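Alright, structures below, take your time with them.
First subunit A sits with subunit B, and in the next complex the same chain sits with subunit C.
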Partner chain A sequence: MINKNKMTPYIMVSPYIIHFLAFIAFPVIFSFILMFHRWNIISPMQYIGLGNFDHLFQDRLFFKAILNTIIFLVIHIPLQIIVALFFAEMLNQKLKLRGFYRAAFFLPVVVSGVVVTYMWQQLYGYDTGVLNRLLVWLGLGKVGWLLDPKVAMPSIAIMATWKNVGLYIVLFLVGLQSVPQQYYEAADLEGASHWQKFRHITLPMINPTFFMVVVLSTIGGFSLFIEPYIMTDGGPLNSTLSAVLYIYREGFFFYHMGYATTLGFFFALLILAVVVIQRKFVEREI
Partner chain B sequence: MKKLNCFPGLVKYQNFYFLLIFLLNFYSCHNKQLSSNNQILYWSSNNTYEIEFSRAVVKEWNRLNPDQRVKFQPVPEGQSSEEVILAAVVGKTTPDIYSNMWQGDVEAYADAGVLVALDTLPGFLEFLNLRCDSQTIAEVTSRDGHIYQIPWKINPIMLISNVNMMKKIGFVTPPVTYSEFLKAGESFKKDIDGDGYVDQWVGYSEVMVRWWQRFFDFYPLYLAASHGAPLVRNNKILFDNIFAVNVFKFLQILYERNYFSKERLSARQDVFLSGVIATRFTGPWEIMHAENFKPEGFEYEFSPVPVPDEFKGEPYTYCDPKNIVIFNTCKDPKIAWEFLKMLTTKEKDLLFLEMTNQLPRRQNIAEDPFFENYFNRNPKMLPFARQAKFVKGTDTSPVLKEIFDIISQEYEACVVYSKKSPEQAIADAAKAARLIVY
Partner chain C sequence: MKRIFLHIILIVGAIVFLYPFLWMVTASLSPESEITKLTFLPSTFTLTGYQQMVEKIPIFRAFFNSLLVSLSITAGVLVFGSMVGYALSRLRFRGRNLIFFIIIFTMTLPFQITLIPQYIIMVKLGWVDNYLGLIVPYLMNAFGIIMFRQYFMSLPQDLIDAARIDGCSEARILFGVLWPNSIPALVTVGIITFMASWNEVLWPLIVIRNENLMTMPQLVTLFVVGGRAESQLGVKLASATILAVPIIIAYMFFQRYFIQSMATTGMKE
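For the complex of A and B:
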């Protein structure tokens, strides 16, 4: 007979086990199976071997979506790091209303992404947007923030930076405050300039934070979805079509579940590869 | 050492709790919607007026048929009713009857075998022949030769015009041809605030590339120009023709010359009622909206969408059809069919029209004296009723959405951004579409 007390731990962990099996293990296994099938949800699955992979490597739009995502990252990550580090440095000084500024910078982070997106859509409006009105008032021409294929993705990157920078300011601030003051005092005695102190003390000392910010920004950037979904629907001319938006479209507009899963799997591998490379590169360089 | 037992009750009844957790999990996953006492479950659209209509009909049915009761509820809330229905099909929680099925979705559901072939029910074909003309019947016949839907309601897409503004630019009647429309575009275009940029346009159509947007610009214009020609039939792509090219050319000029705005105006205050645009392609739902929100003295009228200059005859348009289906989860399709016969009688169609201001898809509705009184009281609906003779729904293809997505991609490249010639864009769209039809 099983000792009743032996069952207790199993009962206690059963909620997690059930959750794990239902929402992690099963979807992963099912997705793996789906990659080799065609399935529109309502009809039975049809085995197609490597057909989805074959389609993937011929799908120009998907590779354009990946390229768009990389363009977004190339603008967004450096911009986010520079802005966040700059403001973190500022907020690390003895400022009046420092608490207020810290809260103000963090505010966009806690505002819903949908709300922020709609707000920026109004700012970016071609005819009635505040930015273009300002440009016209200054005697400059209007910019097609979301209408010009060359400008639309940078516009979204600026908006995403504004939305997320508060979080990275806080992270950098924590990193900056953990740098021992003695190093700066020693550097002052040696006559180091402000830039030298920043380059040779601050940056190496906040390296773990720096790495974390780069990785978080990269993963966050790769999952770009809400902004183009609401503002541009991937346009103009697919210039803001992100990889996740494309996968979503394939899955939930056209119900190509097998293909969407294959895209998702390929994209996850890509993110993994980028993060691994980043880890080696960033940790060595700084 | 004494064992610490923080939850003595748990240990005592652990088998019971264990069983309870599993039963709860099992039950929560098993959400099959059972119609109690074998009632027929009927879902309508969740439009307020349609809910009232459906409730009234169900009440009458239940009074007359206490042994064969129908339970009514509007389709549950979701991002779209299409998504809710799909989820219900997957979860096998479909209602017995659903009366808001977009015609373009029916073929995929029929292919999946989740719908009842209505033509197998006694008296269905006689009923359909009385209700609809042969063209409509052909349109709703699936590729396997069966009919899975009752054509029920339509909202034809027409051109709404601001009467006073059009008069100011010399149009006593709305523009009929492409040339007239372009002339109106040139006359109406204006820089109101003097900043050097146009801020008043003759019309507007959503520029987003989402596939269904083309049902409100390209597709009605294509149907009008081509006398209702199909885009796809029997797995053959047929839109690679002069009509499609001319529609792209016409729309391309509208954007090139800035007669239509490229900016998304839908996020602003209603641009038609506020006079920013003078026309738009829309359906009868616009009447209730305009009557509720129009400024004083604002006048509007409906007319067919523009046609090529050399066009002769009556222009067709897209009618956004929503039909009635019976899912194969229905235990007694014959009772469901009896209920549907009552739901679609002439009297109920009139009641539907009165309560919802949506047109039943019934032949000769504009000429039928039975409906005359309604149209006398609601003259704005009369153009839609007249147009109803010349409407088309969607072609029968399980990859219709994908075809519209392809057209939409080319539409953006050619019409909105002039990156391609209309001939090239239509040829490219047809080529891509031919790869996916089956």
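For the complex of A and C:
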């Protein structure tokens, strides 16, 4: 009886331990071996020392892919925060149809990224897309949304914002609702302006939400893949080639397993570094 | 006056978020020649796009595959996640803190680091082009465990003590006593897991090459980027619509639960 009870907790956690060993610990250890080898899965592994790292640091295209991903993030995150805060502020009051608006903004969040991307590829169409037709109708020129190397990545960032912003509206709404109403009343007595109230009460109070939104959209943004894969295949002129798309090609198109692992490892370190820096920065700034 | 202005902005916002879906559905039902004309209602509705899609790709099979994979993963995450969450919150044993620490640590680990080695494991296990390759790696996730742990900690200890006095086994306590009292946690973890696996596309693209085993997002992706649609828009739009419809229907019925569940993903900090 006692013996059986002692074993129970271990039986309960055993699925996790097995899963952890097989799909996390072993892959991480294995990746350290792979990084020093050249391997296409079929022929035997070939030890090449630091060859993959040498290659990586000379791989202009990989650094371009990282830069592209960062460009994406630099546009996507501020845009997402501004749009989300804007609508969250609007919805944070008694309002007819509030539930409907919230549900509408949230709809793209639940739909597959494949659908959203394909849909937007049509909206962004040069001659037939609705956006350019709207511009022409307004008397403005057409934009090469996905054709112009300077515009293509911002276009993807706008689409990604459209897809995800509903989630962040809801998160900010939860944050806003936790701000005590008395603070605003006190500020009103002092004659504070709308902006002052927002800057000195709302922003500091929703700091935790703010940080969460930044981290979640950073991690999400670093895994950018299906959008360029469907829309542009990394083009034009590699301007939308994301880091994950590049790693995917190296691994599953060229079967450079050792090299792709090295890229993945390097990129993961970069992600962790960015998240740590963001934490420091956001905690201090607001 | 201010309120009218507010509503106008919100209505424009709602149109911006809903219009692309409406366009996609109507365009998929329009004759090929009218799709690019952007008229809101086509002269006639046609199902040609859908008929051609059904002839070209095994979309029903893919729907079945997606359902099988997502339901298996969701069931696994609920059962295993609650087992581990229960042990971590309500049982005392050596190594408990270590396991909890490992779980938190793995949550911060970017997937890019394990992507390639995991694929190689699938190759070695013979799980490429196999349902197991799609399901098994996802049967457990740190988020589910943490959610269950938190939730179980908030339940009264009396509930468990009473069941123990009645001579219930630990499995019985977990599934017979705690589960019925943890519906919100089960719904939240269930919805998030189901949605994530239903919409997952990178991993299927990696481990599945056989068209009959593909999930819906993967099949539709390869269909819209590949040449098989013979650059006909209608049939591609039909496949994208079919991919969106099941989740939109589910969302219309359980909208509140979707939003609440997704909102808690951020709350783990």
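A few points about this structure:
In this section, the second predicted complex is superposed on the first by the 277 of 286 C-alpha atoms of A that agree within 3 Å, B and C clash if a C-alpha of one lies under 4 Å from a C-alpha of the other, contacts with A are read in each partner's own complex, and residues count from 1 in each chain.
The rule we apply is simple: a contact is a pair of C-beta atoms (placed from the backbone, for glycine too) under 8 Å apart; a residue touches a chain by one contact, two chains touch by 3 or more.
Note that the coordinates shown come from a computational prediction; the quantities given were computed from them, not determined experimentally.
By the touch criterion defined above, A:F172 lies against neither subunit B nor subunit C after alignment on the C-alpha atoms of chain A.
In the superposed model, A:F72 makes contact with neither subunit B nor subunit C. Of the two partners subunit B and subunit C, it is C that touches the larger number of subunit A residues.
When the shared chain is aligned, subunit B and subunit C each come close enough to touch A:T8. Look at A:F62: by the touch rule set out above, it reaches neither subunit B nor subunit C. Once the two complexes are overlaid on the shared chain, A:P236 sits against subunit B while remaining clear of subunit C.
In the superposed model, A:F210 lies in contact with neither subunit B nor subunit C. In the superposition on chain A, contact is made by A:F225 with subunit C only, not with subunit B. Using the contact criterion defined above for the overlaid structures, shared-chain residue A:M119 touches subunit C, although it does not reach subunit B. Legend: residue contacts after superposition of the two complexes on their common chain; A:S43 is shown touching subunit B, with no touch to subunit C. On subunit A, the surface touched by subunit B in one complex and the surface touched by subunit C in the other have residues 8, 15, 41, 118, 122, 125, 127-128, 233, 252 in common.
Per the touch definition, subunit C reaches subunit A in the complex via residues 6-7, 9-10, 13-14, 16-18, 20-21, 23-24, 27, 36, 38, 80, 83-84, 86-88, 91-93, 96, 99, 102-103, 106, 108-121, 123, 137, 139-140, 145, 170, 174, 195, 198-199, 201-202, 205-206, 216-217, 220-221, 224-225, 233, 236-237, 240-241, 243-244, 247-248, 251, 255, 258-259, 262-263, 265-266, 269.
Looking at the complex, you find that subunit B touches subunit A at residues 3, 5, 7, 10-11, 14-15, 17-18, 21, 25, 83, 86, 89-90, 108-109, 111-112, 114, 195-197, 199, 207-211, 261-264, 267-268, 401-402, 405, 409, 412-413, 416-417, 419. By the touch rule above, subunit A contacts subunit C in their complex via residues 6, 8-10, 12-13, 15-17, 19-20, 22-24, 26-28, 30-31, 34, 41, 87, 90-91, 95-97, 100-116, 118-120, 122-123, 125, 127-128, 130, 133, 162, 166-167, 170-171, 174, 208-209, 211-213, 215-216, 219, 222-223, 225-226, 229-230, 233, 243-244, 247-248, 251-252, 257, 260-261, 264-265, 267-268, 271-272, 275.
Residue ranges on subunit A touching subunit B, taken from their complex, read 4-5, 7-8, 11, 14-15, 18, 40-43, 118, 121-122, 125-128, 136, 142, 144, 146-147, 149, 232-238, 252-255.
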